[in-house]
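For reference, the structure I am asking about is given below.
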Amino acid sequence: MHRFANPARFLRAAQLVLPWSAGLTVALLAAGLYLGLLGSPADYQQGETVRIMYVHVPSAWMGLFVYSNMAIASAVALIWKHPLADVVAKASAPVGAGFTFVCLVTGALWGKPMWGTWWAWDARLTSMLILLFLYLGHMALVNAFDDPTRGAKAGAVLALAGFVNVPIIKYSVDWWNTLHQPASVTRVGMPAVDPAMLTPLLLMGLAFTTFFVTLLILRVRSELAATKIRAIRMVQVHGG
Amino acid sequence: MMDASSIFAGEGLACLRGERLVFARLDFQVEAGEALVLVGPNGSGKSSLLRLMAGLLAPMDGRLVWNGAPVADDREAHAARCHYVGHHDAIKPVLTVRENLAFWARLHSDDHRAEVAVAEALDAFGLIHLADLPGKLLSAGQKRRLNLGRLLAAPAPLWLLDEPITALDRASIKGLEAVMASHLAHGGMVILSTHADIDLPTARLLALDGFKPRPVALEAW
Amino acid sequence: MMDASSIFAGEGLACLRGERLVFARLDFQVEAGEALVLVGPNGSGKSSLLRLMAGLLAPMDGRLVWNGAPVADDREAHAARCHYVGHHDAIKPVLTVRENLAFWARLHSDDHRAEVAVAEALDAFGLIHLADLPGKLLSAGQKRRLNLGRLLAAPAPLWLLDEPITALDRASIKGLEAVMASHLAHGGMVILSTHADIDLPTARLLALDGFKPRPVALEAW
Amino acid sequence: MDGVLGMGGYAAYVWPAYGITAVVMLGLLITSLREMRKNESQLAALKQAHPRRRARAEEGQS
Amino acid sequence: MRRFVEIVRRDLRLALRQGSDSVMVVTFFVLTVVLFPFGIGPEVNILERVSAGILWVVALLASMLSLDRLFQADYEDGSLELLALTPTPLGVVVAAKVVAHWLTTGLPLIVAAPVLAVLLHMNADGFGVLLIAMALGTPTLSLIGSIGAALVLGARRGGVLLSLLVLPLYVPVLIFGVGAVDAAVQGFESQAQLLVMGAILLAALPLAPWASAAALRQALE
Amino acid sequence: MRRFVEIVRRDLRLALRQGSDSVMVVTFFVLTVVLFPFGIGPEVNILERVSAGILWVVALLASMLSLDRLFQADYEDGSLELLALTPTPLGVVVAAKVVAHWLTTGLPLIVAAPVLAVLLHMNADGFGVLLIAMALGTPTLSLIGSIGAALVLGARRGGVLLSLLVLPLYVPVLIFGVGAVDAAVQGFESQAQLLVMGAILLAALPLAPWASAAALRQALE
């Protein structure tokens, strides 16, 4: 059964990681929220609304990061047929969709005071919306088959095909002249942001990442249990 | 085309469908001129094995070899040497019987040879008087005969037939048996699954009911 | 419900499928407690005749009568007294075995009776231990048994079965024969088509191969 | 205190942003946890009902 | 009536269990509406001007796309012929399926419409009327669409064919739907348009199931 | 190459014989475009302003709708597995089918587009660029769409699901297609947009058939 890398090993490792990732999430969130809401100055242009940044930007990063993560997992699943990779891709999608949704809503809430409109059809905003649809399409496709393995494989091909969109979102602001700001934190070389704002931003980013790891572990465990339930059911039907 | 010394074999095959192991550690070997009949109750994996042999399904473990060379190394070469007749008829309702057959023949051999072979195939399966009828007017048995016609419409040494006699009446079954016997006599190979009795020379039986399908997840825990 | 004196008959039936006359001037008669077995080669019109009896197909000529009254006059009444089991399984992959069966039962009789009858049907066809499984997990034979379960899930005097034993293993065939025998003993009627042998008391044979399908245009000229 | 809650007049935008984020993250966490608990308890129940499976599985592993 | 409820319940249950149609219809609705700003450009005043038209046209398309499967699944797995053989008039069966279809697709469209109206910068005065117009219009779309869905059963290329049959019939709903919203946005009364929409709905209510039932009978022959 | 041509020819013949897909796609295109003046109102300057956008969005939808059946029919009747078993790489088979699809749907769209542009009062300066952009864009749509069509094989609710998968991937074609036409209408150069469209087409040409072939293999397992 070399193809069926042992899920038991994963579960043991997950058991070790889980308390750490959960604990870190809480600690980082507490620190990030404190610094973000109380311990950092208001922006001289944007005023207090700049505090939306501490949830908006990390969730945007996570939306992109989780999709990349899914694409990598899908490539692993397709090339090495590692069954855990399929499960990881499937478990990531709803979480990524959640982050993307948060990015969109917080962006809209930021846009109203800053640009005077909830929504504008500019390149970054719309490509983020498309990313949300890619997530939803992936979720729908994976669940659209009677045979779960079929859904997983189709989902893997889709995740790779949709990955083309990620660089477009990331660089849309640089390629097209738009309302939205260009990258200032993640740009090559020195970040162009005041450290007083950079620290809470990075803390929140880390908190979101550990939160994602925590959720991923829970969801993969759940998915593995569901697989086993199906297996036992199947034995009941066909008489193992 | 047909080499009297070919050998088609499977070594340690395991097959996964859905999430269940249908069979494992299965070996078989067929030589030129030999027939292999797969038997077993419903769901024992006959169809799965045939699809695996055709290359439609990748074995989870083990490998198929043709004259010592792994089949997986050259899919197209393997496709060129086998005919697969499955549960579906692959008949286009708007094409005539002849057009249906000619298309598959031309995909496998060149145009001129295809022409001749199609006529032969129509004759062998008693389809001549139906040749210009569109596929949609055929009855179940006639459809099956047309589908079997592909076997003769382009030559290939290895025939993989999944329950070929379903829907055939007695006379057609006799005809098919004759066609298969002649294929074997010319050094071909036939591997087929069946629930009923089929009369074939040099046929060996491969019973599949030894493997109880088992969910893989259970193995892994 | 089942009346020991019912008679179901066809008079001078003709059937047209896709511009071709499948059979014509066909008469039959079945009385309570009797079985009629349709036989004939592929394409001879067995399935067509059964669909015609069920009311799914309108006869080109002739008529069906139940106790002397033309069936065509009251479709709903005829639908209430017959069960048709065709080639399709009508099983929803996402409903459980019980839910699948209960739906059809409730459409035919009231909720309380349906409950009891469903349990009986599950028992008679060996489906009890599968009752809570979704339809998609069933094997071909189990699907067929579920489909046959409808016969018992709601009572109806006339059973129309198109090749009911396909995909069934030997034990299940025996079970079905017992169910049919008991239905006949209680004054029901069974009309079925088959290519294989079925063991039934009071069965008469109706051979359909006498009619060669013929283009209608010729007749009409 | 009013300074923080009032957000310099932008409370109507800043707090909902944090609120939505909290709702989505908590929602994800709760559904994931619930789902996992449900599946794992169902699995445990099934294993209870079919103790032989476990033995067979271990035997298959060797 | 009991049977009517029974069928609605089954269809709802099927829709809920199998990957929820509604989610997909709404997503199609949203996606296609979102495509337009890409095409038309982001200028607020133009978007605002065309918003009602785009919303309605896309709602028509979304409703039409989901109709594709209204009878298809039941037709393919044989459930439809069994439904036609229940002691219920076929028109009632159709009506039940249409109700279930509307509950799973029309209703979510109504819910999604205001959100999209915001995205397209529609004037907030139109929202109330948009909701009422959609509530009157979407059931009509489902009803009219059921005729098309029944007609294309068994036809290949169902999807595109369906659009040809159904779209022209949808035009009145479109015209009055847009008219009502535009009137409201510009500060006029939109009662007249809404009354006409109500009248169309009342007319379709008895006629559409009857016509669909006739078409279904043809498909089942 | 011979096999490539053979498959294209067969697909064209099938399209011509069975109720010609192209006619339907064009009719859908025309009908839906015509719906917009009903929805938006007849003002010339608004229609002109949005004409390029509407044409492109509806072209995307038309292409997507017809994609639904690209592999579906062959998958259902078993032809697809036989095509995968011909001595041709599966990517070539996909490419052939995409070419046939484009010839029967993309090409007619291009022909119909200028006529509809007149209907929508588009500035005549845009016509030339519209044609070139469509000629570059529609093959890309067919290519990208083939991936989606391959992915949804065997899925429940394929049609709506397909739109969810394919429409987001279509967006770049839409943006540059509209951009090119709008630039031309406003008297600017549209070379840059057309170059990008060409580049997208060139990138899709090898990648899409390869990805579709991968998806098809999954579907055939």
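To keep things simple, chains are lettered A, B, C, D, E and F as they appear, and every chain counts its residues starting from 1.
The working rule: a contact is a pair of C-beta atoms (placed from the backbone, for glycine too) under 8 Å apart; a residue touches a chain by one contact, two chains touch by 3 or more.
Here the structure is a predicted model, which means the values were calculated and not measured.
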Most distant chain from subunit C by Cα centroid: A
Between the pairs A-D and B-F, the one where more C-beta pairs touch: A-D
Copy-to-copy rotation for subunit E and subunit F - C-alpha atoms, rounded to a multiple of 5°: 180
Subunit B-subunit E separation of Cα centroids, rounded to whole Å: 46
Inter-centroid spacing, subunit E versus subunit C (mean Cα positions, whole Å): 37
Whole-Å separation of chain centres (CA-atom averages), subunit A against subunit C: 55
Sequence positions of subunit F contacting 2 or more other chains: 18, 156-157, 161, 164, 167-168, 171, 221
Junction residues of subunit A, two or more chains touched: 126, 133, 136-137, 140, 144, 146, 228, 232-236, 238, 240
Residues within subunit D bordering two or more other chains: 53, 56
Parts of subunit C lying in touch with subunit A, wherever the complex brings them together: 93, 129-130, 133, 136-139, 142
Subunit C-facing residues of subunit A, complex: 146, 233-234, 236-238
Residue ranges of subunit F touching subunit B (in the complex, touch as defined): 2-3, 6-7, 10, 13-14, 17-18, 76-79, 81-89, 220-221
In the complex, subunit E residues that touch subunit A: 19, 23-24, 27, 31, 34, 37-38, 41-42, 44, 118-119
Residue ranges of subunit F touching subunit A (in the complex, touch as defined): 147, 151-152, 154-158, 161, 164-165, 167-169, 171-172, 211, 214-215, 218-219, 221
